[in-house]
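The two complexes that follow have chain A in common; it is paired with chain B in the first and with chain C in the second.
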Partner chain A sequence: MTSGFPEVWDTRAFGRALDTAFNGIVATWGEPLEQIFLPLLRAINGLEKLLQLSPWWAVVTAFCIVTWAAARQWRPVAMVAAMLVALGLLGVWDAAMASVALMLVATLLSVMLGIPLGILMSRSDRMRSGMLPILDIMQTMPIFVYLIPFVMLFGPGKIPALLATIVFAIPPVIRLTDLGIRQVDPEVVEASRAFGASRHQQLWTVQVPLAMPTIMAGINQTTMMALSMVVIASMIGAGGLGYQVLQGIQRLEVSRGLIAGLGIVLLAIIFDRIAQSYGRRVQANLHRESE
Partner chain B sequence: MGPVKIRVENVSKVFGRDPAGALAKVRAGADKTRLKEEMDHVLALHDITLDVRTGETFVIMGLSGSGKSTLIRHFNRLIEPTSGRILIDGEDILTYDAARLQAFRRRKVAMVFQRFALLPHRTVMQNVAYGLTLDGVDRAEVLRRAGEQIALVGLSGFENSYPAQLSGGMQQRVGLARALATDAEILLMDEAFSALDPLIRHDMQMQLKELQARLGKTIVFITHDLDEALLLGDHIAILKDGMLRQVGTGAEILASPADDYVARFVRDVNRGRILFCGAFADAGLLPAAEAPVIAAEATLEAAFAVFASGAQMVAVRNGDGRITGALTAQRVMEALARA
Partner chain C sequence: MRQKIRLTALAALAIVGMAQAQPAAAQDCGTAGTVTVAEMTWLSAATLAHVAQKIMADGYGCDAQLVPGDTVPTATSMLTKSAPMVAPELWISTAQSIWDQMQEKGNVYKAGDIFASGGEEGWWIPSYVAEQHPEIKTIEDLKANWQIFADAENPDKGRLYGCPPGWGCEIISNNLFKALGLGETFEMFPTGSGEALKATIARQVTGQQPFVGYYWGPTDVIGKYNLVRLGMPEFDAEAFKCLTDTNCADPRVTGWAVGEVAVAVVSDLKDQAPDVAEFLSKMQVPNAEISTVLAWGDDNSATPEEVADHFLKNYEAIWTQWVPEDVAAKVKAAL
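So, the complex of A and B:
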C-alpha cells in the first residue's frame, strides 16, 4: 500500500466469496451444462471426422464449390484450391481440418446469434446502450480470464474452446449488423413505410439487403477472430493447428511452430478470400453502374 | 370540382420532448422563436385547416423550413400530428390501428419522393411492383400491373435495369410508376421534380398533367417553385413558418395576395403564363369579323403570337363558343404590368 489508497472494503474476502460461489455453480451445474452442450460437441467432432476422413481432393472440391457460389469468379477459386494444396504439402492437413471444424461451428453460431442481436440493437436505442458496454468488455477482457471459468465448468476440451471463441469473435458481427442497418438511407426506409410495409417487411425488403455489405464485413471479421482464437483454444485441449504451435513452443522446435503458424495464415487467407469476394459481389449489386 | 377528399382540421405539430406542453404554450401566446429558445421545441405546423377535393391537384407551396414536407407526411401518417384531425373520405385516419393504417397505405395513398427513394438493390420492375408485393398480390397480377405502369411512364425496355443505371429523370419516372401501380386514389408528391434539371423537370410536369387528365387522381403536390405551383395546381396553399398564409387558385392568389409575404412571393412570376385571356377581354369592344379568335382559357402568353403576326385585335371565345369580347395588345400589356 505505498500509494496510500485507503482500504475501504475487504477485497480478499470478496474474492474468496466469488470463488466459493463459482465453485458452487461448477459443482451443481457442471454436469447438466455438459449434457446440454453434448450435441454441439458431437457436431464439431462429426465435422472434424468428415473433413479428415474424406479424401483430400473431395475437400478441396467442396471448398472450390463454396468459393464459386460466393464469388462467381475463377480467380478466388483457383487461389483457394492452391492454398489448400499448400496446406497438404506442409503436412498439417489433419490438424488444419480440426481447426477448420471448430472455427466453422464457432463462426456459424456467432452469426446465428449475432445477426439477430444486431438487428434488435438497431431497433432500440435502449438495447444499444445496454449492449455496447457488454461488447466492449467482451473485446477488451483478456481471454484467459474467461477461459478459466469455462474450463472449470466443462473441463478441458472442445466445448470451452468453442464458447470462448464465440465470446471473443461475436462482437464484430453484432456491431456491424447494428451499424449497417442504422446506416441504411432513411428515405428508402421511409418509402417502404409509405407503401405500407410492416416492420417485418421493412427489415427484410430494405434494411437487411441494404446493410448486407456491412454485415458481410462483420461476418468476415468474426471469421478471422474465430480463427485466431482457435490457436489459443488449443491450450485447453481443442487440438488442431494451435496444438502444433503449442508443442513447438514446449519442445523448442522452431520448425514445428513455424509450419503450423504458416498453416494458420493459409487458412486465414482462404476464409478471407471467400468472405471478401462474396461481400464485393453483394456491394456491386447495390451500386451497379451502367456499362 | 368533386367532393372533399382530404380534410385537414386544425392540425398542429411540435417536435421535441414534450409536444403537448409546448403546444399549450403556443396556445397561450408563445411564438415559434420563443418556443425554440425557451424549450428547444420546434413548432413545425400551426393550426392548419384545408380541404383537398377529389380529382384536383392541390399544391402546397413554401420555402425550406415552411413545414410543407412535414405537412404532406401527415396525409399518410408518416408523421403524427400533435393535435388536430385528418379526415380522408370522411374517416379520421388518426383513429386507424396499425393493420388498418397498413392497408390504407398499401391501397389508398401512394407517395413520390424528392430524391426518388428507390430500392437500389432491385430492378425497375421490382421497384414498380414493390407496393403490390407488400400487399401480397399474386405474381402474375403484379407483373401485369407493374408492366402497364412502366409502359405508361415510357420506360418499356428498362424493366431489368437497376436504378443506378438510369438518369435522374428516368429514376423519378420509376418513382411515379411505383406510386401509380397500387392504383391509389391519392398521390402525395413531395418536391417530386425539384431534384431534376430544368428541361427534364418541364417534361415531367407536362407528363404529370397529361397523366392526371387521364387518371383523375387526387394529387397533393409539394413545391418551393411558384411557376411549378401555378402550372400544376388547381388550388395552391402558401405556407410560411408552419402557418397557412393563403389558399386559392393561381389566378386568385396573383390577383389578390392575402398579405405582404404572398405579394412579394408572386411579384416575380411570369404573369403571361398564368393569367387567362377570358379575364381581360373587353366586352365593350366589338372585334372585326376577320379578327383572329382565341379561347378564353388560353394564357395571355398565347395571345402574344397572334399579335406578333400583325393583328390589332383578337376575339375571345368562351367555352360555349360565344365571342365575349376582344383583347388589344394594350390591354394585354396593362394586365401584365399590374404588379
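So, the complex of A and C:
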C-alpha cells in the first residue's frame, strides 16, 4: 500500500486459514448444533403458535394480567390493552406475535444468563476486568459480522436470530446488575455483616434487593434492544414484523414499512411500560421500607 | 520540509510521465478525457468493470477510471448526468423505469448483452443432489419428492428456500409455488436477505445437505457450489406477467424470463471513442465460464482486480475476440 506500512505477517494467508477452519467447523458441527438447538426452536415456535392461535382477547387479557401483576395500577393496564388493540387494528397481529415470541425468549434467556454474570462481575474485580472488553466487543462489533456466520452454523431462521439478539441485548443487564450491586451503600452491607449475615445472605437479602431498581433498568434496556433487533433478525429469516419492514423498504412500499415500523414502536411501548411500572413499584417499596 | 520537496518532485515526475503517455494514448482511445466505468458492489459486476477498465487503459490507452456504484444509483446518474460512461453489468429489470427513460432520452444505449445466455433466475439444487436423485429434473418433480428436502424443524414438509423479501423474484417465486401446488408438500422458507441466502447455500453444501431454493446466475455462488438449475417449461410471456403480480388470480407454471443484462454505454462515448464503443459492443462472457472465474475469486478471497487479472490471463480465448489483435497484444503485455 501507499502508506508503506511494513507487512509483518501475511494477513491473507491468515484470513484463508481462518475461513478454512470455519468451514471445517460448519461441516462437522453444523448438523449437531442444529440438533442441539432444536428443542429451543420448538419452544419459540410453540410460543409463537400459542400467541397466534389464541383468540386475540385472550392474549390481551394475559398481557393485562401481567401488567397488573407488575404495576398494581390501572393506568398502565389500560395503556397496554389499548396498544395491543391498536396492533390488531393495524393488521399486523400475527407478525407482531411472531416478534413477541422471539423477543420474549431472547429477553428471558438474556436475563437468566445476564444477572448471574453481573453478580459474578460485581464480586470479583478480576472477572470484571475480563468481562468489560468482551461486553464492549459485543456492543460495538457490527451485527452482520457474526450474523452471517451464525446462519452458516445454525441454519437460517430463528435460532441464529435468537443468538444474535442475545449477543446484542445482553450487555445492559450484565453491566447494570454489576453497577447496581456495586453502588449499594457499603455501610449497609457492613451493617448486615455485623448482624452475622453470610456472604450469601448479604447478596440475596441486602445487595440484590437494593440494586433491584438498577437491575430493572438493565432488563428494560435489554428488552428494548432485543426488540430493536427484530428487523435485523428478519434479515436471516426470522419472520415477524421486521420481515414486513424489509419487504416495505425493498419494494418502496412506504405504507407497509411504516405500518410494520409502527407495530414495533407499539410493542416497545408495551414492554417499556410493563418493565418501568414494575421498576417504579420496586423502588417505591424500597423507600417505604427504609422509612 | 524534506518530505515536502520529495513529494513535489514526485508529483512533477508523475505529471511528466502522464504528459508523455497522453499523446500516444489519445490516438487509440479517441478521447483525451476520462472514461468512467461503474464498479458495482457485487463481484461479477466489479470484475467486469476492472476487465473493461484494463482493456481500455492498457489496450486503447484511455484514461479509464472506476467509480463505485450500484444498479439504481448508477442508472440514475447515467440518465441525468451521462456519468459514469460505461456500466458493464446493468440488470435492466432492476432499473426498468430508469432504463425506459434513458431510451426515451437517448443518452444511454445498450452496447450488447454481457452474458451469453442472459441472466438466469430460477430454483437451483446442488449437483450432488441432482446426482443422487436423478428423478428430480424440473420444478414439477419437486412436489412428489419432498422428503429429500424435509428439514428437522418441520419434518412433514419439504423446505424451499425462497427469495429475499421485497425482491421481484419473491412475488414470482410465491406465485410459481402456488401454480405448482407445492403448498401441499412444501413450505416456502423466508431467507430474509441475499447474504443469508448465500450463507444458507454455503452451509448446506459444506455439510452435503439437501437444498432447493431461489438463486440467480451467473454468480460466484453458482460456480463455487456447483448448483444446477431445475428445468422449467418454455417461457410464456403472458403467464409470466401474471406471476410478477402480487394479485395474480390464477398463476400458471411457466419458465423464468431470461434476465436482460446489458453493457450500458453513454451515447457520447460512441462519437468520442468509436473504437472503444466497438469493443464494448463485442464484450460478452459465457455464463458457465464467468461463474467459474467468480468462484475462483471467492475461493481465494481475491479482490475484483485480481479476479479480472485472473480472467485476462487464463481466458484469453474469450476476451481476445472482443478487440483487434494489436490491442490484445498491448493488454497481454501489460499483464
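The definition used in the following text is that the second predicted complex is superposed on the first by the 288 of 291 C-alpha atoms of A that agree within 3 Å, B and C clash if a C-alpha of one lies under 4 Å from a C-alpha of the other, contacts with A are read in each partner's own complex, and residues count from 1 in each chain.
Keep in mind that, in the parts below, a contact is a pair of C-beta atoms (placed from the backbone, for glycine too) under 8 Å apart; a residue touches a chain by one contact, two chains touch by 3 or more.
Note that this is a predicted model, so its numbers are computed, not measured.
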Handout entry: Superposition on chain A - do chain B and chain C clash or fit
Key = fit
Practice task
Could you look at A:Gly157 and tell me whether it touches chain B, chain C, both or neither (first, second, both, neither)?
Solution key: second
Exercise for the section: Mind computing the angle chain B to chain A to chain C from the CA centres, in steps of 10 degrees? Expected result: 150
Exercise for the section: Between chain B and chain C, point out the one touching more chain A residues. Expected result: C
Practice task
Return first, second, both or neither, reflecting whether A:Pro116 touches chain B, chain C, both chains, or no partner chain.
Solution key: neither
Exercise for the section: Tell me which partner A:Ala194 touches in the superposition: chain B (first), chain C (second), both or neither. Expected result: first
Practice task
State whether A:Gly248 touches chain B only (first), chain C only (second), both chains, or neither.
Solution key: second
Handout entry: Contacts of A:Thr205 with chain B and chain C, given as first, second, both or neither
Key = first
Handout entry: Which superposed partner A:Asp185 touches (first chain B, second chain C, both, neither)
Key = first
Exercise for the section: Taking the superposition as given, tell me the minimum C-alpha spacing from chain B to chain C, whole angstrom. Expected result: 47
Fill in the blank from the handout: The answer for chain B against chain A in the complex is residues 76, 78, 101-107, 110-111, 113, 115, 117-121, 130-131, 134-135, 162, 164-165, 178, 182, 188
Handout entry: Residues of chain A that touch chain C when the two form their complex
Key = 12, 15-16, 19, 23, 26-27, 30-31, 34-35, 38, 41, 45, 144, 148-149, 151-153, 155-157, 234-239, 243, 246-251
Completion exercise
In the complex, chain C touches chain A at residues 151-153, 161, 164-167, 170, 189-193, 195-197, 199-200, 202-203, 206-207, 209, 300-301
Handout entry: In the complex, chain A residues that touch chain B
Key = 185, 187-188, 190-198, 201, 205-206, 209-210, 285-290
